[in-house]
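So that you can tell them apart, the chains are marked A, B and C in the order they are listed, and the count of residues begins at 1 in each.
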Amino acid sequence: MIKLRGISKSFGRQQVLNHIDLTVTKGEVVVILGPSGSGKTTLLRCVNYLEKPSSGEIAIGDFSVNCKHARKKEIHQLRQKTAMVFQQYNLFRHKTALENVMEGLLVVKKLPKEDARKRSIALLEKVGLGSKLDAYPSQLSGGQQQRVGIARALAMEPEVILFDEPTSALDPELVGEVLAVIRKIAKEGITMIVVTHEMSFARDVANHVVFMDGGLIVEEGTPVEVFNHPREERTKQFLKRITPELNYSI
Amino acid sequence: MKLDPSFIWTAFLQLLSVIPTTLYITIVSVLVGFLIGTCVALIRIYKVPVLYPVAAGYVTFIRGTPMLTHLLLIYFGLPMIIDGLAVHYGWSFRAASIPMIGFAYISFSITAGAYMSEVVRSGLLAVDKGQLEAAHAVGMTTPQALRRIVCPQALAASLPNLSNSVIGMLHGSTLAFTVSVVDINAKAQIVASTNWKFFEAYLAAALIFWGLTVLIERAAALIEKRINLYNRGGVA
Amino acid sequence: MGEPFDFSYVWSFLPKLLSTLSTTLLIVVSSLLAGIIVGFIVALPRLYKVPVLRTLSEIYISFFRGTPILIQLFLFYYGLPEILKLVQVDVTRAPVLVFVILTYGLHTGAYMSEMIRASVTAVDKGQVEAAYAAGMTGYQAFTRIVLPQALAIAVPVFSNLVIALLKDTSLAFTLGVMEMTGKAQTLGAVTQHFIETYIALALIYLVISFSIEKLLGMAEHRLLRHEDRNSPVKKTFGIHRNRSYRRIIAEMESGKGGVGL
């Protein structure tokens, strides 16, 4: 279980996150929606400390970090319990697909090379890239790179995988393959927090939908609640703008 | 021999009188070098037949050898060629009438030309091909497009390199002492040996060069800021 | 001026000049090593934004990039013994070569530090984030992810710096070191075949520069094997283009502007 309590973050004078509370139970898929600048990516990045929250508490299972005075070791532990899939993939450019997945296993988990290799190959096969083990990121399409990114995140066996707009940088025809992989692993009961603009994906896969705006959680609930019966005006406005097709389907 | 701080000032004052010489050499070599460099860069970009390998060879040779050897080759070689031709065609002109600083001008310009060609070339290549196409698309002719669209962007892109090259030529001008031109470096040598205060004299010379370099850097940064307004919020 | 031109002298001078090649290379290699060490020491405070030390680094770089190497040579040759005398160390008997290597080392160190800094900052920020996100420590992220990529970015600049250093060593003769240029001057004076000696001299420099460029070009190619530039797969926008742009910037910021003396 992941608990965020009172997470705040400001860049200079601008308050980007304002006392965010969020609870994610094990095996749950949480989708965070919101207009750009609403703070959803910042929130996600706070969960594994790529952004340092100004205050608040992050708890994963029994382990918790008070953000006001987090120690280096705690941050390091927190990061080992989480994994991130980036919008721009951020595959290590000088390493092959296989080496990208193995890297964390070798360096962080200190697995023997042969074990790391076997596990990585299995994961790459799972995301449908068994034939691209020795390709460098520059030789892969965006969709393939992102699937390696997902395999790399899975390899660490984290408590939660954070997806930061995993399909936003992709050409439209490549979005499907990445979403299919995410769907597949969601079904396996891996806890995920996903920031995305893919509404139909959110409806299908999410157990819990969070709508953010202006650094606050405006509304949250099941996909049916948030998509079909939004209570807040801001949520309605946003859904209307981003998914005109919803108006027809209801 | 004791350190004499006050002599640094004395030397500094004596060196001031030769700053123009250093600046002349720098400015002439940079300007002529820029002209040569632009021609060479265009020849290389457009792969002009016959001239292309000549240009490439010129750049490779100059960049692969010390500036000092260029100066020495010009200093000893040019008079031989000129006098040879003069005798052959019965001119009255003789190489001996070329002033010493002339050799520095000629040689350093040739050196600068090769480096400048690389600066110009990388500047032009840095401009996105789409820019030229867009200019054509709004109906500009190629010269118009080059003048109004490509060159300003190329200049902006190559400004850091340009300022580095100017500084390089400023520092390179110290070699002029080998052909008995009295620039800052040579003057420092004279001041040092007549007073037997080497350290102080060279310290003064170093300070002058440092000041000039910082000045060039500041100026380049200022210009860059102005012409790069359009580029704000870029990747770097 | 001198004897009439005779090209055959060029060939006969080549071996004579080559006999001093070892001195030239000794200066290049020793100052290069010194320069790399100095470069790292000077670059770190700027990369990690250490107060005070960072300013010192900046002044150091500004001075060594802001004054001609020729002036620096004289300055150290004449100045260092006097300064050391103040603290009761006598170096007046130290061989000239020591001063020469020290000066070239400090000089090239300033450029090296700029190269290191620019290459490290040129590595995409997302790479470090991904390393952190995978649970690596700062040290692991630097040595395993940033450094290998920065190395590849640095090679072209490094290659230019080595060649610039090689060319700069032609000034060591001013302090009486018998390296190739010094040898050429004596040869010219003795035989009165100046042009032939300098042609031979230029040829040797040219061949060495060319070899350095080719060798390091091969190294770069190997280090950049992950950057498949002719990949048939369509590249999406973003990282890749940023990176090449960043590389250009890295080269611009830290290069010697190509001009070695």
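To be clear about the criterion, a residue touches a chain if its C-beta (ideal position, glycine included) is under 8 Å from a C-beta of that chain, and two chains touch if they have at least 3 such contacts.
Being a predicted model, the structure only gives us computed values, none of them experimental.
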Original post:
Can the chain contact pattern be summarised as a line, a ring, a star, a complete graph, or none of these (other)?
Top reply: line
Original post:
Computing the C-alpha centre of each chain, which chain sits at the greatest distance from chain B?
Top reply: A
**OP:** With chain centres taken as the means of their Cα atoms, state the distance from chain A to chain C in Å.
**Re:** 45
Original post:
Rounded to the nearest whole Å, what is the centre-to-centre distance of chain B and chain C, using the mean of the C-alpha atoms as each centre?
Top reply: 20
Subject >> Between chain A and chain B, centroid-to-centroid distance (C-alpha), Å >> reply: 54
**OP:** Could you list which residues of chain A touch at least two other chains?
**Re:** none
**OP:** Please name which positions on chain B make contact with chain C in the complex.
**Re:** 1, 3, 60-61, 63-69, 72-73, 76-77, 79-80, 111-112, 115, 118-119, 122, 126, 160-161, 163-165, 167-172, 174-175, 185, 188-189, 192, 198-199, 202-203, 205-206, 209-210, 213-214, 235-236
**OP:** Mind listing the chain A positions that touch chain C in their complex?
**Re:** 48-50, 76, 79-80, 82-84, 86, 88-96, 103-104, 107-108, 136-142, 152, 156, 169-171
Original post:
Tell me, which parts of chain C touch chain A in their complex?
Top reply: 124, 126-127, 129-137, 140, 144-145, 148-149, 152, 223, 225-229, 231, 233-240, 243
Subject >> Interface residues, chain C side, partner chain B - complex >> reply: 1-2, 5, 62-63, 65-72, 74-75, 78-79, 82-83, 86, 163, 167-168, 170-171, 181, 188, 194-195, 198-199, 201-202, 205-206, 209-210, 213, 242, 245-246, 248-249, 252-253, 255-261
